[in-house]
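Next, two complexes with chain A in common: one pairs it with chain B, the other with chain C.
Take a look at the complex of A and B:
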């Protein structure tokens, strides 16, 4: 029985970890390229959860709504970059931190005011559907979330590696002055990248809402996880964010069961501290990447 | 001419004022009772509900002629947090000059101003705060009507071992009980009391705490599943109660009976979110909608009066939280104050409070009334108790104690998830 439980926890952890990975990929992209720490990242996820929820109330299946939400959040991200973030790019770091923190406060307060603190739960015909692989039970929604998250991360990776725009983004990440000299419009790259990062957060939210409830402060938990994942995996490292996400998901589940459910967060934070002490740049990062940037 | 008119009008006005004050002089002074409830902030929804229940009692008594011809007048205060509770208590006592204050729904609020009342020699009559500590501080002026928070856990555990275990054919020393609870003050205090009691009774209890705003409870559900517990007791708020029960289905946690003790399982939002899966879940909680056969004549009349008036005034059925407000206030207005020699003197009120002696079944909640004399747990009403209700067809029905039960329990044991 215990092997089955272990297996159950690992699988559940990997499935959830896939979504963590997607959300962290967005964060690491923003950090790696625009060099901004987006403290509001989790709250973009929260807004996307609500957006998907309300589309569901209007009778649109969450999985059909997901592409819409992702596209909308891509545009939303670009708008936020243009209107808010851009003005802080030449300002001291502290200003940038406070701007995204401020956005976070605005989003959460808005959600609280507009939609109250009640949990919003999406219930579809397949919400409770479970696929049994032997003694291991996998929820259909969890499986779909994982597959879509992984596919999207893969596509994004290919986009960055194989397309011209992708190359422009990577070039800007490596050295923005030289990129500008080479004719790359750096502000447009920033705008696009921020949009992409927020689109990832938006998709993550749409994938999470069939599984978990939406409420105004749900973003904080996801933001914390995203930060742990990104730093664990190495700032600016795309594969690092993916591996980090899966690792954190699995550790959350295992520690919740074998230690105590209330120690879930403590466990992955302990791992996080451990990795940083032994490998300060994170698992796949390169030292100094927070200053010079790295190939995403 | 103008001066004459001004002079006449002034004279008329003065005459009116004299007549009016003479008129109010002729009426006896109202009895002023302060109220302290959270009417804003996170506790507002239920604070207001309880206050509304209490106000129905005031309406009833005033319509019946008041207390010896004196109308009952309420002086309201809003205490969204413990700090405000103390300030408001001092205001009611100092500026408003009340000698008797009722409150407060939430234990944290009640505990805060109890000290202020005690120090000022004012009576604190508690309608809804259930924390044991409220009557364990050696205060002489604090009286509390509902049962203690710790006894909530015992009520659930007793139901599990005395009623459910035999119904499931499990001897109580072989009964495996799991207790899942959110780890903030309420959950932790119920859990502590329960763990001690279970140990005393020799019952195997697995305690699984978790943090209230977790968005995933997989490890919690799996722990209980792997322990093969027979009966589940839970202390959960609304959102985690829903999430837990959903994940219990997803992960195949097949428990034979579930008794909830927290706000999460009392509200309509539970069956609204989990649909038919709510049916069969028991709750241990404050009484409401009891079988009239178990109540005294007075109680039956008062209960019917309460349900009718509340629904008419507020457009919906009252909850058990409102019933607590009504019951306590009726005890004060019908049994205590009429028997008080001088209702404006706290010492006199205290004396009347200690003399009240009514059997179980006497009030609309089914509770009796007998406040402990000063000493350990002084001021606590020994004849209050919790009832067991069960979700059936999307509504809650009282099932235990038997004399107050409206329906018999169903779905014992709960069918496995794949058979529902």
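Take a look at the complex of A and C:
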């Protein structure tokens, strides 16, 4: 009996973790290439959740809206980079942290003003549908979210490995100056990467909203999850973000059940602090990056 | 004839000027505080001075040492809960309780700082933020100690020994005193070898270490002092409001606000946090008064927008703005370029 429960929790955790992985891939991409910590990442997710919600209100199924939202947020990300982030690239950490923090505050209070603090829930015909995989039951929305998130992460990974633009992005992440010398337009790479990172956040939001309600401050929770995942998996590491995401999803489910629902956040914050103190480079990250800073 | 490069001594010395300046400012603040009649303005002034103290306390670690701490709400909450618990459960006066809270916060800061101050910029920021969230979750869940989400409330009974004053201006006077203490602490930490160590590690940590600066120890000192002062502010706030709960004294937004005010005012400067607190708190109070209700979140939107604008275009904050203005005026009046004053 308990094995079945455990197994159920692990599977549920993996499904949720898939979306966390997607969300964190965006963050780690931004970290690894543009070298800034995007404190507003979770709030981009929040805005995407609202965008998907409003499209649903206009009778567009969330899974059909998802590609639209992703594309829109790709453009949104590029715009934010061009207008705001770009000016902070050579500034001290203080400026970078506070600019993205400021963005976060602006997004949250805008959402609050425009759409009030009421929870917005998307309910479709399949919202409550459950599918049986052997002895395990999974929700349709959870399964779809996982599959789409993993497929997208896979595509992104292939993009980075197999295309020329992907190579340019990876080169910039490795050594910005040499990349520039090789003829790569670094500002454009930054712009594109930031856009990709935010697109990931946008898709994650679209996938989450059929499962969880949207409200203005929901972003903080997702931002912290993304940070935990990225730190756990290692800054700038794509596979690290995937593994970290799945791990955090499982930890959240297990601690929510075996400890207490209100303590599940505590579990991964404690993990977060633990990782930062004991093995700051994370499982697969660049060793010492947290000590030398994330300068290229 | 005195050589212009030589520091002045005696009554005209920099130190004497500073002390006189402090005395004048203190007298002005106290007199001003006592002169306010209307409760609304007393309340607003209280919040200005409290936040000035909090921003100033944050500035000690964020500005002097340059460490981006985003978890000061933890210390604020520790101060609030410690003094309130001691009062409500053990009948101990907050006059004593607030120092107990400060001591607890100092110990916590020692532990946290020891483990995490070696992390750079955004990493340290994330860790402190996560830590403060942990404290908040602990407060929410440890029902038997903290009253959980219901929080704690202090029964009202006017008793100066128990920090309960009939005249609200008394709270304001305490807030002014706390702010002055923070200013003095900041000034003292900026002087001498310790001040030199702080400035050098803020500039370039590795270079500082190479000339023998005890980087970790100095950072730790600033973090602990900052935490203790923040906790005092928390205790004061708890006594003023008479009721506390996790969101009101441990919320992440509090951590952001403390840093935000110091940064907007001018991070690392003496007057910066005060100016920042004054500008931000009065604007938000007035806005809330005019717009109220539905537009309550508008002041937050403005905070965020201000933060972005200041960080992009005015990173030296209001103090920086005033300095540039003063220099430009000075140049125009004298008609020639003056050597840069080192303020």
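Keep in mind that, in the parts below, the second predicted complex is superposed on the first by the 280 of 296 C-alpha atoms of A that agree within 3 Å, B and C clash if a C-alpha of one lies under 4 Å from a C-alpha of the other, contacts with A are read in each partner's own complex, and residues count from 1 in each chain.
Here is the rule we use: contacts are C-beta pairs under 8 Å (C-beta built on N, C-alpha and C of every residue); 3 or more make two chains touch, one makes a residue touch a chain.
Computed from a predicted structure; not experimentally measured.
Novice: Touching A:8, do we find chain B (first), chain C (second), both, or neither?
Specialist: Touch partner of A:8: chain B, not chain C.
Novice: Applying the document's definition of touching, compare chain B and chain C: which contacts more of chain A?
Specialist: Between chain B and chain C, C touches the greater number of residues in chain A.
Novice: A:256 in the overlay: touching chain B, chain C, both, or neither? Say first, second, both or neither.
Specialist: Touch status of A:256: first partner only.
Novice: A:218 in the overlay: touching chain B, chain C, both, or neither? Say first, second, both or neither.
Specialist: It touches chain B, and chain C stays clear.
Novice: For A:60, is the partner it touches chain B (first), chain C (second), both, or none of the two (neither)?
Specialist: neither
Novice: Examine A:121 and indicate which partner it touches, taking first as chain B and second as chain C; both and neither are also allowed.
Specialist: So A:121 only meets chain B here.
Novice: With both complexes superposed on chain A, which partner does A:98 reach: first (chain B), second (chain C), both or neither?
Specialist: A:98: touches chain C, not chain B.
Novice: Could you look at A:130 and tell me whether it touches chain B, chain C, both or neither (first, second, both, neither)?
Specialist: first
Novice: In the superposed view, which residues of chain A touch chain B and also chain C?
Specialist: Residues 260, 262, which sit in both footprints.
Novice: Provide the residue numbers of chain B that touch chain A in the complex, in ascending order.
Specialist: Touch residues, chain B against chain A: 42, 183, 208-211, 213-220, 222-223, 226, 238-239, 242-243, 246, 249-252, 269, 273.
Novice: Where on chain C does chain A make contact in their complex?
Specialist: Residue positions touching the partner: 62, 66, 68, 70, 115-116, 118-123, 125-127, 129-131, 133-134, 137-138, 140-141, 252, 256, 259-260, 263, 267, 294-295, 297-298, 300-301, 303-308, 311-312, 315.
Novice: Which residues of chain A touch chain C once you look at their complex with the stated criterion?
Specialist: Listed in rising order, the residues of chain A that touch chain C are 36-37, 84, 87-88, 91-99, 101-110, 112-113, 220, 224, 227-228, 231, 260, 262-263, 265-266, 269-270, 272-273, 276-277, 280, 290-294.
Novice: Please give the residue numbers of chain A that touch chain B in the complex, ascending.
Specialist: Going by the criterion above, the answer is residues 1-2, 5, 8-9, 12, 16, 117-119, 121, 123, 127-128, 130, 137, 139, 212-213, 215, 217-218, 221, 252-253, 255-257, 260-262, 264.
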